[in-house]
Amino acid sequence: MIENAKVAVVGVGNNTSALVQGIAFYRSSGSLVGIHQPQVAGLGVGDIDVVAAFARSDGKVGSDLHQAILAPPNNFPRLDVELPPSGVTVQRGLVDPAGIARVAEALNGAEVLLYSAPSGRPETARAYAEVALRAGVAFVNTTADPVARDPSLLDRFERAGLPLIGDDLASQFGASVLHRALLRLLAERGLTLVSSYQVNLGGTEDFRNLVENPDSKKQSKLNALGSGQVQLAPLAYMPHLKSQKITHLNVEAQGWGETAISLDVRLQVHDPSGAAGVNIDLIRLAAAARRAGHGGYPPEAAAHLKSPPGTAV
Amino acid sequence: MIENAKVAVVGVGNNTSALVQGIAFYRSSGSLVGIHQPQVAGLGVGDIDVVAAFARSDGKVGSDLHQAILAPPNNFPRLDVELPPSGVTVQRGLVDPAGIARVAEALNGAEVLLYSAPSGRPETARAYAEVALRAGVAFVNTTADPVARDPSLLDRFERAGLPLIGDDLASQFGASVLHRALLRLLAERGLTLVSSYQVNLGGTEDFRNLVENPDSKKQSKLNALGSGQVQLAPLAYMPHLKSQKITHLNVEAQGWGETAISLDVRLQVHDPSGAAGVNIDLIRLAAAARRAGHGGYPPEAAAHLKSPPGTAV
Amino acid sequence: MIENAKVAVVGVGNNTSALVQGIAFYRSSGSLVGIHQPQVAGLGVGDIDVVAAFARSDGKVGSDLHQAILAPPNNFPRLDVELPPSGVTVQRGLVDPAGIARVAEALNGAEVLLYSAPSGRPETARAYAEVALRAGVAFVNTTADPVARDPSLLDRFERAGLPLIGDDLASQFGASVLHRALLRLLAERGLTLVSSYQVNLGGTEDFRNLVENPDSKKQSKLNALGSGQVQLAPLAYMPHLKSQKITHLNVEAQGWGETAISLDVRLQVHDPSGAAGVNIDLIRLAAAARRAGHGGYPPEAAAHLKSPPGTAV
Amino acid sequence: MIENAKVAVVGVGNNTSALVQGIAFYRSSGSLVGIHQPQVAGLGVGDIDVVAAFARSDGKVGSDLHQAILAPPNNFPRLDVELPPSGVTVQRGLVDPAGIARVAEALNGAEVLLYSAPSGRPETARAYAEVALRAGVAFVNTTADPVARDPSLLDRFERAGLPLIGDDLASQFGASVLHRALLRLLAERGLTLVSSYQVNLGGTEDFRNLVENPDSKKQSKLNALGSGQVQLAPLAYMPHLKSQKITHLNVEAQGWGETAISLDVRLQVHDPSGAAGVNIDLIRLAAAARRAGHGGYPPEAAAHLKSPPGTAV
């Protein structure tokens, strides 16, 4: 029987809460509901052990992981599974480059380091990549900060026989996935796009950060939609939504005889579920590649990333 | 320069109104908006001449085609193009098998016979196929009545070197196309479908006929959606909608950790535009195949049909 | 301190489940959420004791009330309150007029008889009114069957000093209430209604009965909306919705300069909650009127009824 | 027969376009569609003559009024009415206090001065009120800038026998009117509000100004909704919408047994129509009050104003 994959996580926010609770939930329930790939290289979604965790906030460092994932401002729902103490105490993450050696020592046998901190701190992201290189573990960067897109870093992972996966996680199902699919469908059927808008409302800390610093993400989103006719409304942070994200989409098009076609969509999802549902695949991919001695970027990861190696920084 | 394709139409309802007005509109405007294929075998969307038309209702027989397509109960909008008398007088269609010879004589040089009458009269549909065979023209069956699915008929067209296209037109863009695309997207992303419903409201005569005789169409629609979890509400005929069709779709699914995903869609289209946007491709395909001497069923037509040869009757 | 009101219920469907569970919930939680009137004549929503219950189905007769309200086809959700055995065993209701004396004996001290069976059995409704007269208790008819609108019955209750409340419960909040409010708002602001539609989807037995026998209810609903321009789609029974009702409303209007105004609404409610939220007021009203010796129809009930005395049968 | 009311307008934006086109439309068509009050003090909606107009932009000053209302950035639709030259040339408005005398001379017999410039220039608003006092005409302030709420100004109009109407126009029908009505309906029915949000998208210059300077208006809107549980998303300026405004509203509530009620609304209106539909009433009210010698604030205006005299500045 195959051994469980061991993962260390950086960041103990909602996405980690969804990942950790979900692994426990699927392990105990045997459910396959909502799972993208039941098996990746022989590993089921429950075959992951989180062996170390790193955070920055005083409210989380020092707590048991199963307690820390439920502490505010995290607001992902409590899944229907028991969470006894995990035995993993959240450690203080990197605060300066000098910490690299310390953190590398503290990975506790991990095969994969999952970097799941907020986007927008490129130096921290790279420092954790150095941790992975030093410790000899695979690295998964879920943020928009350029790591896998840095050719020299990628080259070093490749030479070390360590997998490097990134950058910028594409959600399992969200507004971008849906909007892009609708625009593609219209084009396939020969309709002409007249206008389109997307409005997003959310209640997580991640969402609040985006509201306060919208520019980079907005452009990346527009690029992803690949259409100059799509308008994005400013993000609206609404704490009562907690980890839910609500999207209002409109598409106005013309068909035969230039007659009008109108499409209005309301989508409601749990944002952290969308991240965890993809992270579970990337972790397994990374663990399997490391076990097989395949360093560098595994092309199977491409479907799950917004900015794989080779795309613009 | 390639010669225009000559078509005779059976049925002077909304779909024929959309087709005839649209051809005139695109011919005069040069617009390419809303067109699925600008060219099929060298034929543009304006390169079609309607040379004969057949109807059953006293209100249409004897009128000029450009007048008949605007007569009630037709309620497709008047497109922004002038419609001077067409020179084609609507003739009385088949009323009994004995009329086959008469109608075959009256096709006025047509290369293609487009059967665009209401669904639900299989004998009439077959009789018109006999007209086409006798006159040596291609046949396009847009209705759900089995014609191309009848192997012996298909064989006779094949041996005669005449194209036979059918059965049951798939709209250029409508509720089925959209619903199926959404369900497929969910499955691709690994979400689990919990429930889904579709409600359709419309105001055409065709829609009223379906309301009064819903069973066959409903089953065909459910088959097309390919999911036992989709519920179809009874069709609602609302005359004030005229040729517009409004669809309310809901999809409830589960993602990672069995968390909920809700999708609500409102779609508004002009139903006859969806038909005309596909008929324009089928006519050109049929004309081109006949000119090339290719009899039988042209496989390129499959994407536009709900029940091509080989599917269940 | 005021004594609890004692009520006997006829019908152990979803509406009774919502009523009984809700009384227990509010009594134990002290919550005032979702309550229309915290006090009616000194009675709080928890100050009601159900002392007898009558049903027709073998699956319910003989069970404890707290078990029977949860038995299929009932599908109202289980509220967050414990339901130990109630001590009230569901009895067989009237099967023929001869049963009137038996049932009148079995009311177990009730002050109010709440008739909450399915609509469409006018003779049964009247027979239960006879039960109430014979037993000297107030009668509340929540169905569309004419009881309070029968002047001779009303006169007999009046002379007996017994309250008679009916007919046809208006939900606390539902599609009719909302649609009417929107149309009234439009009119107040001087807009001109162009068209409006309402589509209802539901999953209860009551809803299924309406789907199979739509006519009376549909007309009553149209009357309630008071506008010839409102179109009602056929009701759609979708079992997966359970006790939820989903309504899609559209209103198209014109404002200044005949410019267009469009309003699309999606409403989701638990139908039995809407009934229970009104029944709780009618029971308290009836009990208080009986205690005060006020026979006949109490005018304070009018706001909660679709067809009070004096309206057409 | 009563004489037409003579009005001078300040501001030649979309709201003035809607007003001027609408007056012409109703005068020529005889339609009563979309009109709040067919008659005010004997004056119909067509019984208004615009006798002078003032603007700031070089693109409008010097043009005929009927040309200026159609010039960009105005984007209100062209109504279905002929607009021959009006004979009124747009004049340059106030640029400094010294202009008061000049403008007062240029009112061309107006009885009412309608101040319909963008909000946010309180000194300009007051200077035009001085124009009205000097010229002896009634004043209508449609902006949020405090004029009628200034007790000393109101006192001067009162003593001069001149009507003063303001401040801040309430649209004939828009998001605030609808949202407030829905929240009130919920409260009336005894439901408990859990959360509510409102998202607004628009394409006019006025809307763009609000996007760039949202604070005052947002607070005023929240005050109008009268509920701390309503969240307003940032306004989204989308030029393709032109003069249309789209609003997405959500209301989450709880009813009996704390069961959930969800309400989702999409509203689409032409914003300038909502303003013109109210301005037409205020103009007639002001003209009638002046003719009757009633100075000061006419209480009949209250229903049309967000901030009448006595409310906070």
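Just a few scattered comments:
Going in written order, the chains are labelled A, B, C and D, and every chain counts its residues from 1.
Simple rule for what comes next: a residue touches a chain if its C-beta (ideal position, glycine included) is under 8 Å from a C-beta of that chain, and two chains touch if they have at least 3 such contacts.
Since this is a predicted model, take the numbers as computed values, not measurements.
The mean-CA centres of chain B and chain D are about 49 angstrom from one another, to the nearest whole unit. Chain A and chain B, compared by their mean Cα positions, are separated by 44 Å.
Of all residues in chain C, those that touch two or more other chains are 264, 266. Under the stated contact rule, the graph of chain-to-chain touches is a ring, a single cycle where every chain has exactly two partners.
Chains touching one another, given as pairs, are A-B, A-D, B-C, C-D. Against chain C, in their complex, chain D makes its touches with residues 18, 21-22, 25-26, 31-37, 77, 79-80, 172-173, 177-178, 181-182, 185-186, 189-192, 253-270, 273-274, 276-277, 280.
Residue ranges of chain B in contact with chain C, taken from their complex: 194-195, 197, 199, 201, 231, 233-236, 238, 240, 246, 248, 250, 264, 266.
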